[in-house]
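Order of writing sets the chain letters: A, B, C and D. Residues in each chain are counted from 1.
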Amino acid sequence: MNRSSVEFHANLAADEVALGERERVAGAMRAFTREIGALSALRLESCVHCGMCADACHFYIATEDPQYTPVLKVEPFKQAFKREAGAFAPFFRWFALKRRVTADELERWQHLLFDSCNMCGRCSLICPMGIDVAELIEQARRGLFEAGLAPKELYEKAAHQRRTGQPEASSEPYRDRLLAIGWQFKVEMPLDKPQAEVMLTVPRTDIEHYPAAVAALARVMAHLKADCTFRSDGLIAENYGYYAGGRDWQREISLRLIDQALACKAKVLIVPECGHAYSALRWEAAELIGKPLPFKVRHVTEFLAEALADGRLKLRSADLGVTAFHDPCQLVRKGGVTSAPRQLLHAMGVKPRETTRHVGFNVCCGGGGGVLDIERAAPLRYRVVEEKFHEIDGTGARTFLTSCSDCRRTFDDGKQRFNWQQTPRSLLELVAEHLQGG
Amino acid sequence: MARLELEPTIGELLDRQGVSRRSFFKYCTAMASLLALPPLAARAMAEQLLAARRPSVIYLSFQECTGCLESLTRSFAPTIENLIFNVVSLDYDDTLMAAAGAQAEQAREQAMRANYGKYLLVVDGAVPTGDGGVYHCAAGRTGLDILATCAKGAAAIVCVGTCASFGGLPSADPNPTDARAISTLVPGKPVVNVSGCPPIPEVIAGTLLQYVTSGRVPDLDEHLRPTVFFGNSIHDRCYRRPFYDQGKFAKTFDDAGARNGWCLYELGCKGPTTYNACATVKWNNAVSFPIQSGHPCLGCAEPDFWDHGSFYSPIPSPRWGKAGEVSPAQAGAIAAGAAVAGAAIGVGSVLLGRRRIARRQQEPKSQSDKGNEE
Amino acid sequence: MDLVDFARGPALKVAFVIFFIGVVWRLVNVLLLHHRRNLSEPRRGVAESVFGGLKAMGSRSWPHPEFIKRTITGEALGYSYHIGLFIVILLFAPHIIFFGSFIGVRWPALPNGVVTIFAVITVTLFVAVLFRRLAHPVLRRLSNFDDFFSWFVVALLLVTGLMATAHVGAPYPTILGLHILSFDLLLIWYPFGKLMHAFYIFPTRAVDGYLLTRKGAPS
Amino acid sequence: MSTLAQIPVCVEPVTVSHGEATVGGGIGAILTEIAERLERLARTGEPGAIDLRSLPISPADRAQLLQALGTGEVDARVQANGESRIRETAVHGVWWTQHRDLDGALLASLIEIARIPDILIVGADDLLRGASRLRASLSFPSAAQGESPHGTT
């Protein structure tokens, strides 16, 4: 049964609709088999179907719908592994112990792998077998992408960013917008310096929605008298290739930033207030390009924390009353940036009330992993962000901070819907307002 | 005295010997206690016995060591002479009877003719069936032939000893004479197996007595053994069982545990897998039984007990083929060999897997190239 | 060659060989697949990451306070029957003799009465676990043949074991034979089902702990 | 720690001895059974008996049971192919009989619940045989036909 591509009611981009069924399966198998290695094999073989990952997943907690069990999202990838490279692969094929993956099955999995998963890594924390379910999901997304089943919004943004460096067309080039923000906030915007120690990047979301955060970044760098520059050809930090699961596009998008960093011989590349951009650049870029990065990659909070530690940065104390800090899951669980934001807050005399006993176990905002961009996923996302609001309200905080632009937009978006009292504020802006001798 | 000499009933026989009714009644009470029958059954048994005619018994011996017969002669209750003269009429037993040669055979044929269809055939020893049964010949006839003729007219056959019941020692591996259990050679005949090597004297006598008093084959277990004697395992009736449950085991034959009379499970006791009455009826008129004298039970009442490995290797210890108990070195070698084989297959399967992964990569143009066509 | 001799003789030998072949085969197959080297700049050094991996092998066994409210039943059931299994398998005198003869060493046992109590508890928990797998929506959605057959193989072993100690159901030699035969079945099924998790659990946790500590992420 | 040799080799089966005072669980049950059988004997005339040796109780229990039953008025010895001792217990209708063979080995030990134990009763045919023997001895001096006292009637 070879369904014509138009019958696919999945949420597909123009390029993806044209694919035939056999091409989709072949593409999925190509991506799945490329992801098979000792590590992914060990993980796929270890699952004992204990179902505990569902208890960590905010999509299951909010909906109690068993289809959102995290490890279930990896089923097509596991099927491919068992049939192609598992120890008893021939038997699995001859006796059909695992069916060949079909286009229909892949299509049904689009909702599971994209709409209902932020790849936040909370399921990986609870797994008693120590399986990094989130990474398996990331690898499974690549199968969907190669099968031409990545969600329309993510596919188009990834394709656009791969060609132009920014996910969407903008009324004016972002470099001009950047300079405009500079004048508006009366801060000097170093742009395209031929050489600089520090290369700055900016999240597209901040340029579009939160210009103050961009200005804050520039002001802090100026205060530290850092030899830094923006690069107009490597301005945007996000990586929609990572969201869409397009491994090769993710590499090309990262290469754009890497080339610019090499061009200006930067020693440090600053990733601004964004979650996935950090882990995509710091932990995955080197894998994708196949050689270590010749420069350091630091999240802006990390960079400031280092400056704080060696005394270059002094901060005045801030009176914020009961404060809560939301750890962006891509930053804390995937990126490993756990202590830097707290060091900055402590330096400003702020003791954040933790939402969970251990840092890094907090519930995800529900917008990450590209879910924010998928319209079809909005109702589901709202049910999840509601859970997050309960967690924050639980702390009784008056001020609520976070350090990721996508989280902020998700909270703002949810704020209107549930007219939630809190307003998410950026940690970087707070720091910029409390520079000592600034 | 003109009346035809009828076969006297047991009652008349006893009376002729001056045995009073009371002493015969006491004897039946003892028998009921031994056979674990309800005490008041003694009265019914006495009346039946008094009225019963003594059944004619033919005792055939084949491949055996006469241990069973020796054991029968040491029966205390009922004593052998009591049994032979009062309870059964032992018409043929080539070991016990005075006659020999042609007269003995003639006596047997005459008894069989006289009681055709009613006499009790007691068999001792396995019958070799190899090469036409030539490995056992008596009076010019093979054991197989003798058994067949005698079994035809028997009302029932009592196989005494593990040899007759299950083949015992003669049929132990390699069983050169292809010795067989009697029950396999007399299809259609009711058979009672009184297994043991030898069986307990009182168990043989008790089974014969029970047949005489009730006139039928007693309740049997799946090995055709009387459940009254073989219903429970030695382990279930063993007086050392509390030590087994408390985990107190003798580790060697003269350690503190052995001296304190602890359980002999770790010294190879086959009590749990053996069904017999040793632990209750005991031996030598209830003086003792193997475990009580400090030796593990060999399981002699069970089929093929010769081939269950060393009498001193515990029940759970694995036994791989004739080599007997597995040794760590042997287990290690097999494990290592298997591991190497596994590794080899593993390498094979992973190479196969890698080849398939590579082949999957050359599939048609990848999706990501499409993006360039703008 | 009665049932017991067959079960602990040739059948055990064949099962023993299949077990080792299967386990090594499956482990080698996982081990020799493509190894991706970490090229990114680590946040924690190798020594600290290795220690993080070893720590994760233990810490991942203990339920995290954040999740405990939701996972308490699952984990409590799972742990208690695993502990019950270890006690029954490793501290029961006949088992010690059986396993001891493979490695040539024996260790002290618990009294049989105590072990029987644990065995009864373990069987009830084991049945409870099956009902939970059937009743819980997530588990019902996840479970496949392997989950139920692996459960059946271990349950068969537990039930025949209990019947053997209680001398019930059939004459002891037959039940003991069935018990050892079901152990042979377990050895044969072991490499092909989820029982392999016993071999996978610690390496997977160690690798995960190592990678997370290298990134400085919570584990 | 005592040396190995000092540990006495234990031959007799280990008997679990109860405390003196308490009546073991088993005995209570047996006493109630005896009482119930006495009532049945009175109602239907059906006698009963309990075989002491087959009871799974320890020697100490057995001694305690007999002590609990006490001793009565009748103490009979039957010399028949070894001695049998029949003693009535303090409870009328409950008898303790012990049969021994010629060399004194205990053949059976029973608690009988009956108006009179069977062994003491004289059988019907014994009566006739006894009578014919008496008549034969009466005419002893004259008859002297050499007929054996029993005769083969």
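Heads up, the rule we're going with is that contacts are C-beta pairs under 8 Å (C-beta built on N, C-alpha and C of every residue); 3 or more make two chains touch, one makes a residue touch a chain.
The structure displayed is predicted, hence computed values, not measured ones.
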Chain with the smallest distance from its CA centroid to the overall CA centroid? C
Per Cα centroids, the chain farthest from chain B: A
Counting only Cα atoms for the centres, state how far chain C is from chain D in Å. 61
Measuring from the mean C-alpha position of chain B to the mean C-alpha position of chain D, what distance in angstrom results? 34
Averaging C-alpha coordinates per chain, one finds the centres of chain B and chain C separated by a number of Å equal to 41
Quick check: what residues of chain C touch more than one other chain, meaning two or more? 25-26, 29, 31-34
Of all the residues in chain B, which ones touch at least 2 other chains? 346, 349-350, 353-354, 357
For chain D, residue numbers touching 2 or more other chains are none
Every chain pair meeting the touch definition is listed as A-B, A-C, B-C, B-D
The residues of chain B that touch chain D in their complex are 1, 15-16, 19-23, 25-27, 29-30, 32-33, 36, 38-40, 42-43, 76-77, 239-240, 242, 254-256, 259-261, 285, 288, 292-294
Using the touch rule from the top, collect the residues of chain D that touch chain B in their complex. 4, 7-11, 13-14, 16, 47-51, 53-54, 78, 80-82, 84, 99, 101, 105, 107-108, 110, 112, 118-119, 123, 126, 129, 150, 152
Mind listing the chain B positions that touch chain C in their complex? 221-222, 233, 235-236, 244-247, 249, 265-266, 272-273, 275, 302-304, 307-309, 314-321, 325-328, 331, 334-335, 337-339, 341-343, 345-347, 349-350, 353-354, 357
Where on chain A is chain B touching in the complex? 15-16, 19, 23, 26-27, 29-30, 33-34, 36, 84-90, 145-148, 159, 162-163, 246-249
Residue set of chain B touching chain A in the complex reads 346, 349-350, 352-354, 356-357, 360-361, 363-364, 366-368, 370-371, 374
